[in-house]
Structures are given as structure tokens and as C-alpha cells.
């Protein structure tokens, strides 16, 4: 497929998503998220390290639109900076889990029967390991960092992706059109990239958008457990973790990061739903 | 049982599929519906059973032996379907339950609609198996252990076990080999005639229709394009739609007088 | 009964094949010459698809020989290209396939233009866009379709008859010397079957040197197409000969049943 075709079909998919109410919400929230992440590179209402010792746990005011946390740091500034970290985590998770998932799907539908069934068995065994456990294991050598979250999410969601995409991939791989491509001298790589991947693209798009959403939740959870982003790195999970202990006293400071996480996760899930519908439309 | 369809219209999502169809199947008569795929012939059969997909709008009247089907309650329809109407489907492999034995599938309509003892049911099932030309040993087997022709015999047995008065056969031979097609058609005709039931036979193949029915209607784009005695239509089709179907059937069947290539 | 002749383009002799201990072909021989159409007829389970797939090198055989243009056809391990004979690779390059279900044989996400062009891409003739486009249009026209109407459509926008003619266009686009059509008319309407019959006859006229193998369970559909007919039953050849002879005076009982089933 040429670049022109690719950009054309991207525009078409974008328009089709925009036409639905839920898709419009998803695209708006995602657009806002990216815009805020970019803006936070140059500007935040307060410098991140500026703390106001006289106004800890402050209620919203003109100087601190969302109030301050326990060290007197501006909640809005930290959330804005956090959106950057979460965006990076979500994007890297999509890329890495997508790559791992495709690799596993490729092995599963391989014409070498042995290779396929071994991969299926291995994936089924590994999929039972919870994301948290993978993250804990990864922190032993690497320490808590963004990389650990991305690694844990990519492994867990990549395995899941492979399992979900396998039926559609098998259907395409065993089809007559792939058979006739092989008869014409096509390689396994050709059949996989030209026929199998396009046919599982809808499943991939949906799973990956859900993975991106789940990565936001995973970041919050893992950071709360102390195996997420390192200390001092702004993230939504960090904002939640620092204030959640005082939820009974200062509920507002928990509400803001919670709200942001919820908005983002819902948006990514709705995007997934919209992609399913669009996929159905295109198939028709 | 006689069947009368008057002014039947079916639209799905606002798109008309069946348009103003009139059709009569007399008591003990075998009538055919012929048309290409997408012509709406199967939808007419589904409307007769009250088995239309969601979002379908129906108008007109379908009288099955005096009972109005259009707008009838689902409860009454369910009883009507199993007891008085039998259906033979196109793809026996898909219409049989893969995890249930042949005997259990044939017995199912009996369990649903009649209060019989186990022994009575078993007796009916075995008698039905013999009627469709299957060995007793088939009773305990699963559908995947049977050939396509055997599967369709099971499908016919399940459709006829309650001695329905009206049988709808929806492309019952399309998925089968040519020799098996003929056997299944002949079997269905002889069973229906022996029981004195009436039949609506749906196909896209005039050569099958000629063996199975005495009268038929040609369906094109949801309308009745032509109707009459099957033999007459085959000999002298009067409308373009009928002519195309007959012409196709002629070119695909052997005729001793025709020159081969 | 030997059907292999010295002039044969593609011939199979004494083929035997079992699947998981069940024997499906017993000492079967078949051949198709250049410009000839061979119909392989039989019911389901007769081994007709297996035989023809073995002939085209799409399936491995237990014993027997396949020869293409005088060269032995020996597939590599597991029926693949590495380790195969030169005859096998030539056959792969110079053969085309038409399957039973046109919708399963066309990638649902590809346009007609891309699907039809695929064999050209696979044989390394893809890069020249103008030549590819004209070859695709020519193939579609030969199969009885209007290229301008079809090129940008996807399989879901085609009728069964159109989709199967697109598959036929794909099979001939790389100018193969032999084509296998496996039950090309079974999955579609009677009226559309006639279109397929016309398309197959048209490609024979367009490519007079091409060998065509048609697999079917119905003698009726091949009467105006085949030069010779081979009847298989339970893995054995029960009858083989010129079309007129087999249809006019069938010798085997099974063939007589087939003739009866294909008559009005």
C-alpha cells in the first residue's frame, strides 16, 4: 500500500469515528490529552518543583486552580506534566505490545505445525501471570521506572492480543486466497504482511486502544504499589498515590487525578468501540 | 394443509425484500419457489414461519391452514412450527447440532410438542430413520460422522417426525453432489406424498424443481415474476426472468439431443 | 487404463495417496494436453480434489509420478518450494487456480484490481504499473467483466458470479500454461454458473495453448467445456475418455448414475 492510500484510509477511519457521538468524545479527550502534554513541555501554571509551604492541601484558588497537595505543589501543574508521562507509557505500550502480539500471531499461524502449537501453549501458560507480578519481577533488576510499566504492560497485553487475534488470523492464514498466493510462490512473510495482518487489523486496533487505556490504569496501580514511575516523576498515578492516603481529609486532591484517569480510560475504550463499528462498516 | 399468502410485503431496515407476493399451496400440493440468490425467496419462507430477522416489517397475510401467522404471538407460532410445519434447511451440516446424536435430534420435535413415553419416542425415531433410508446404527452417531447426503436425510427425518401437514424445503439439495441431490429430492417427494402433506420447495435450479413440484412461482427482486405449472414454465417460459432461469438450467443439464462440444 | 500420452502438458501416473491411514487414491493416472480441457468428475470423497491438487503440486503424494512439460514435478519437504525440482517450480510459476467459493478465495480487504494483479506481483512482474494495469484489465475483460466497473470494488460488493469471474481473471493474468478450477460452479447460483461456463470457455479461446482441468460433481456443467472426462469413484478411475463417448455411452454403472443425475 502506498503512503497516499494509507493516509487516505486513515482520514476515512478518522471521519467515520468522528461521525459517532462516543467517537467524537474519544477523539476530543485524546486530542486534549496530547495538546496538554505538549503544552506542559513549555509551560505549567507553576513550576513543578515550586512548593508553597504555607498552602499545603489548599482548596482551589486563582493561583492554584485545582489546589495544592501535601507538599504545597500545584496539583494542576503536576497533572499536566503527568499527562506527558502517561502519554509516553500509553504510546510505547501500544507499539511494544502490538509488535509482540504480531510476532506471536505470526508464529501461531506459521505453516510449521509444531511451531504454531508450541507458541499457543506458551502463550496460554504465560497469559495466566498477572501484570502486577510481571512488573514486580521486572523491578528486581531494573528498579521502578517508566520502562518497567511499559515492559510489564507490553508483555501482558501482547500475550492477550495474540490470543484474541489468533482466530481471525487463522481464518485468513488458512483461506483460499492465501493458498493461491502460496501456490503462486509467495513467502510466509508476504502472506502474513499482505493478507493476514490487514485482515486482523480491526481486532488489532480495538485491542490496542483498550491496551492504551489499561496502561493508564496499570500505571496508577503500579505507582501506588511503589513499582511504577520513579519518585519525583510526574504522572497521574503519582498524583493519586501521594494524595490517596488523605482521601478522608482532603477528598478533592484525589478527585482530580481520579477524574483525569477515568476520562482518559473511558475515551480509549470508546475509541475501541468506535473502531469495531468502523471495522464492520468497512467490511461491508 | 393449505397455505395462503396474500399481499405479503417484508422490508428489512426500510429496504423492501418481498413485495406484494400472493401464493397458494393447496392441500397435498407441492409448489416451488425459484429465483437467484438475493431474490427474496427464502424470506418468503421465513415470513411463513414467523421467523423474520429483527428489524423486519411485515404486512399482508399468511394463512397456514386457517391460522394467521403475520402478527401472531410467538407462543402460538412455536407450537405451529413444530407440530404442523416442518422445515428442511439448505446446509444440513450447519442445521444439525454437532454435539447431539442423530436419534436425539430427530426426537427433539417430539419432546417439544408431544407427550410420549421414552419407548414411544424411540419407536417413532427408528421408524423415521428407516423411512429416510438410514440404518439403525446411525441413531447413536454424531453429525460429523455422516456424509452430506446422510446428514440431509437426518434433517428430513427431524422435519417429518411429527408428521407435519406442511413442509418447507429451503434449498435442501444445493450443498450436495449431483447424484445425492436427485436421491434427496426423490426421497422428499415420496415422503411428502405418502403423508399427504403439502410442500413449499425453494431452489435456484429448474432441473431440481421439475422433479420436486407441480406448480411454481418465479421470484425476482422480491416479486412474483411468473407462475404456472412447472412443466409448462420449463417448456415455454413466458417472462424474461423465467426464460433466463430455464435457459441456464438447460445449458447445465444433459440433453441427449444436444450436441456436446 | 493409461491416459498419459507423449504430448501431455501435465501428466500424473500411478498416483497413490492416503490421509491418516485412509487411502483416497488407488493407482490413478490422468493427463491434460496443451489446449485441452480435462474434467475430473466424482462425488464428495471420490478423491477428485486430491488428485488434481497433486497434479498441480499443491499436495504431496505417497507414490507415483507427475510430469510437467517433460520435467518431473517433485515438491520439496512438506510440499514447499525449498528442495523442490525445477519442474515443480516451473509449474508453480506457470499455473493458475480457481477455487469453489469465490468469496473465500478473494481477500475481503483487497480491491479487485489488487487481487487480480497479485500473481504478477508474485512472479516479479508487479513493478511495471502500466503493464500490470493493462494485463489486469485484459484478464477481467476476458473473464466477461467490465474492468472500469470492477477495478475499485471489494469482494463484498460483488455477486457470486462476478466474484468467481474475478477469481478466473486472477488465475489467467500471469498467462499460465495450465489452470485448475476446483468445483468453480458449485457454490453459486444456476444463472451465475452459466456466466462461469462462458468465462471458462472464453479463456480457452483467448489462450488456445493452455491446459484446463475442471473438477466437478456434475457432468452437466462440463458437457460444453471438457474435451475429455475422467470419472473417479472412491479413489478409483471408473471411466475415462472423450466427452462424447463418456456422455453418450457410459460404460460404468456409476457414470450412468451421474448421467441420469445430470439429465432433466
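Read from first to last, the chains carry the letters A, B and C; within each, the first residue is number 1.
The rule is simple: a contact is a pair of C-beta atoms (placed from the backbone, for glycine too) under 8 Å apart; a residue touches a chain by one contact, two chains touch by 3 or more.
Please read these numbers as outputs of a predicted model, since none were measured by experiment.
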Using the contact definition given at the top, which chains are in touch with both subunit B and subunit C? none
By Cα centroid distance, the chain farthest from subunit B is A
Quick check on this structure: which chain has its C-alpha centroid closest to the centroid of all protein C-alpha atoms? C
Measuring centre to centre with CA averages, how many angstrom lie between subunit B and subunit C? 33
What whole-number Å value describes the gap between the mean CA coordinates of subunit A and subunit B? 52
Would you mind pulling out the distance in Å between where the CA atoms of subunit A average out and where those of subunit C do? 48
The residues of subunit C that touch subunit B in their complex are 43-45, 159-160, 185, 189-194, 197, 217-221, 223-227, 243-244, 247-248, 257-264
In the complex, subunit A residues that touch subunit C: 111, 172, 175-177, 179-181, 183-186, 190, 195, 198-199, 201, 282-284
Which of the residues in subunit B come into contact with subunit C in the complex? 36-38, 147-148, 177-182, 204-207, 210, 234, 244-245, 247-249, 251-256, 258, 260-261
Flag every residue of subunit C that touches subunit A in the complex, lowest number first. 56, 58, 78, 80-81, 89, 92-93, 95, 97, 99, 101, 104-110, 115, 118-119, 122-123, 156, 170, 174
